[in-house]
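Same chain, two partners: chain A is paired with chain B first, then with chain C.
Entry: the complex of A and B
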């Protein structure tokens, strides 16, 4: 009987022992992190829709490194760095997730599909009922994006990388994915993971920011819901198509994102049930599932262990923190403009994590005053935040690409 | 669509202002040499387009 080489039999362990010790430690940490994501996602502490597929992908890919040839190590999941057409053709036939990555990730399609789904569950009527306050708050809530950009450049990132991480301040996952794919392809994996990780944490962290910045007396302000106009589907549809055309004329580079979002809105308002069910079900959940899974699979230690990751972690949290502060400042501006009739907590909803931040605002207000309902105003700021984030992303891509 | 016809002034003005913004950004600004005037026209264009969208939104619904 020939002598059995255990390490040859279990190549996942062999590559761990034989490879660079730093990468080996990275792989073990990422496997543990993947398992933690699955656990926290299943418990509901982190967003399960993203974290469960991402955690499974992360743990599996780091466990499944094998010898592709006598000297090279890799996986048969995906090769994100392949660009040579011949090698790409090979990769498409060998790596089982390569077709999804090549045909939906690297061209931004998956971000557009998620955006289409967001469009179909979004009611633009909330923006149209209070356009001025919604837009003002949304602009203030971009403070994190604007302020983080120079800080990122100061910390040594290029303009393109700085813009990609600064967009995390807009708190919109698909937008971060789209911008980083357009501007910083080498860093898009860590940037998008940082973004999705932090976005999952906003639900837990923003209530503390609200309580810190808005005194209890102001948190209880009741807003006038009688002044809310009734917006018809026809008006929403007309608004959506005109706004979409104007934004596409202004920013052709980001036109796929605008078109996807407003297509979702228009499908919803036109009431075509079959399309609504298709987009809000298979398209939205299918793309979210593969987005999570591929982000996890892309977290292979060799790809993600970049010296810039620590900087990205700091900048991502800074961007979201400043955006939250900016949003609340916007709420205060509206409070003073309306002579005390506007609840400043609505400002946090300007950070466009739909509908998480709107729910945070409503929850915090109801803890102080059970009869205060601000959700329509918060949703208006929330949807405006999505549009404003897309505009800022478009400006960055137009100027820096 | 009755609501739109009743407040068509807002819809027409909003669209016109937003399109003027687009024209400023995409047609006028590129024709100017790079510098202060170019940047001023570009920024004004973005602001106009944004204002146009707000005016459009104001044309909707029964407001008290």
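Entry: the complex of A and C
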């Protein structure tokens, strides 16, 4: 019988004991964080659709580090840094998640599929019923993105990295993924993780911001729902195809995002049931599942322990905070323009975390006035937020790529 | 361009395009409303016009 080497047999433990102590501590922290994500996702504190697969991936990948050769350590999950075609071919045959990463993640396809799913569950009619007020709020809610960009540059990030982290202010996960893949491939893993982590926290944090910025008496304002025009599917379809074409014409570099979103909208409005069921079911949930899983698997200590992560954490929260404040300022602008008929809380929905922020607005208003219904207006601002975030992402990518 | 300039230019372009999108929606509604208004008198005219006997 050959001599039994315990450390050779249990390589996950061996790499933990024999490797760099800092990386070992990082691995243990990330395993604990992964388990916490699963727990908090299952409890509903964090977004379960992303956090459960992400937590499982994060805990597993950091536990499963092994010796790939006598001197190198790694995993057989994924190698995000491989670029040499021959090595990539090897990785595709060895790492079990490599094909999904290479063919759907690193080219932004998964972000576009999620965006298509968002399109199919989005009703653009909400924007069309009050286009100017929705857009004004959404523009104000982009203040976080705009203000964070120069701050990030002053904190030492390059323009491309700064733009990628600033986009977190738009509160749109697929958009952050797309922009960081285009502009800062080396940092896209921590940036996207920071984005998704904070986006799951918006549901808990934004209500406090609303209560802090809007007094109770204004929070209870009832909005006039009778003046809302009825919008037909044909009108929504016409708007979607015209806007999609114009935006693709203006920003070809972000055309995959625009096309995916408006394709979803057009499929929904055209009423092709089979396509609607396919996109809002398998496409949206399938891509969300793999997005979460791959983000978790990419959180390997070696990849994620980057000195810039702390800066990204600060900047991500700053971007979302300023966007929330900006959105509420937009709500106040509409309140004054309409001489008190507009509920300023709707402003928070300009932060385009569809439909979370719209739900936050409705929930906060209903706590003060049970009869106040603002959800259609909040959804309008929400969908407009998606459009303005995509426009800003497109401008950043076009200017800085 | 400095970072502040990039931010300002981006915001300005975003504002113009976003308001442009809102303008498209308004225009679309305007055209649809106008078509509906025109369609009503034409329909009334057709219904009043006597049918030629065949």
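By definition in this document, the second predicted complex is superposed on the first by the 399 of 401 C-alpha atoms of A that agree within 3 Å, B and C clash if a C-alpha of one lies under 4 Å from a C-alpha of the other, contacts with A are read in each partner's own complex, and residues count from 1 in each chain.
Throughout what follows, a contact is a pair of C-beta atoms (placed from the backbone, for glycine too) under 8 Å apart; a residue touches a chain by one contact, two chains touch by 3 or more.
Treat the numbers as computed from the prediction; the structure is a model and nothing was measured.
S.K.: For the overlay on chain A, clash or fit between chain B and chain C?
M.R.: Aligned through their shared chain, the two binders clash on chain A.
S.K.: Go through the superposed model and pick first if A:227 touches only chain B, second if only chain C, both, or neither.
M.R.: A:227: touches chain B, not chain C.
S.K.: Just to be sure I read the superposition right, which of the two partners does A:127 touch: chain B = first, chain C = second, or both, or neither?
M.R.: After superposition on chain A, A:127 lies in contact with both partners, chain B and chain C.
S.K.: Please name the chain, chain B or chain C, that touches the greater number of residues in chain A.
M.R.: C
S.K.: Where does A:249 make contact in the superposed view: on chain B (first), on chain C (second), on both, or on neither?
M.R.: So A:249 only meets chain B here.
S.K.: After superposition on the shared chain, which partner residues are touched by A:135: those of chain B (first), chain C (second), both, or neither?
M.R.: Both partners.
S.K.: So in the superposed three-chain picture, is A:149 touching just chain B, just chain C, both, or none of them (first/second/both/neither)?
M.R.: second
S.K.: Considering only the touch criterion stated at the top, classify A:392 as touching first (chain B), second (chain C), both, or neither.
M.R.: second
S.K.: Once the shared chain is lined up, is A:239 touching chain B (first), chain C (second), both, or neither of them?
M.R.: A:239 contacts both chain B and chain C.
S.K.: Report for A:377: first if it touches chain B alone, second if chain C alone, otherwise both or neither.
M.R.: A:377 sits against neither chain B nor chain C.
S.K.: Using the superposition described at the top, list the residues of chain A that contact chain B and also contact chain C.
M.R.: 127-128, 131-132, 135, 229, 235, 238-239, 242-243, 246, 250, 395
S.K.: Note which residues of chain A are touching chain C in the complex, please.
M.R.: 127-128, 131-132, 134-135, 138-139, 142, 146-147, 149-150, 153-154, 159, 162, 229, 235, 238-239, 242-243, 246-247, 250, 384, 387-388, 391-392, 395-396, 399-400
S.K.: Write out the stretch or stretches of chain B touching chain A in their complex.
M.R.: The touching residues are 1, 3-4, 11, 14-15, 18-19, 21-22, 25-26, 45-46, 49-50, 52-54, 56-64.
S.K.: Name, in rising order, each residue of chain A that touches chain B in their complex.
M.R.: For this pair, the touching residues of chain A are 127-129, 131-132, 135, 226-227, 229-232, 234-236, 238-239, 242-243, 246, 249-250, 395.
S.K.: Chain A touches which residues of chain C in the complex?
M.R.: Against chain A, the touching part of chain C is residues 2-4, 6-11, 13-15, 17-26, 28-29, 32.
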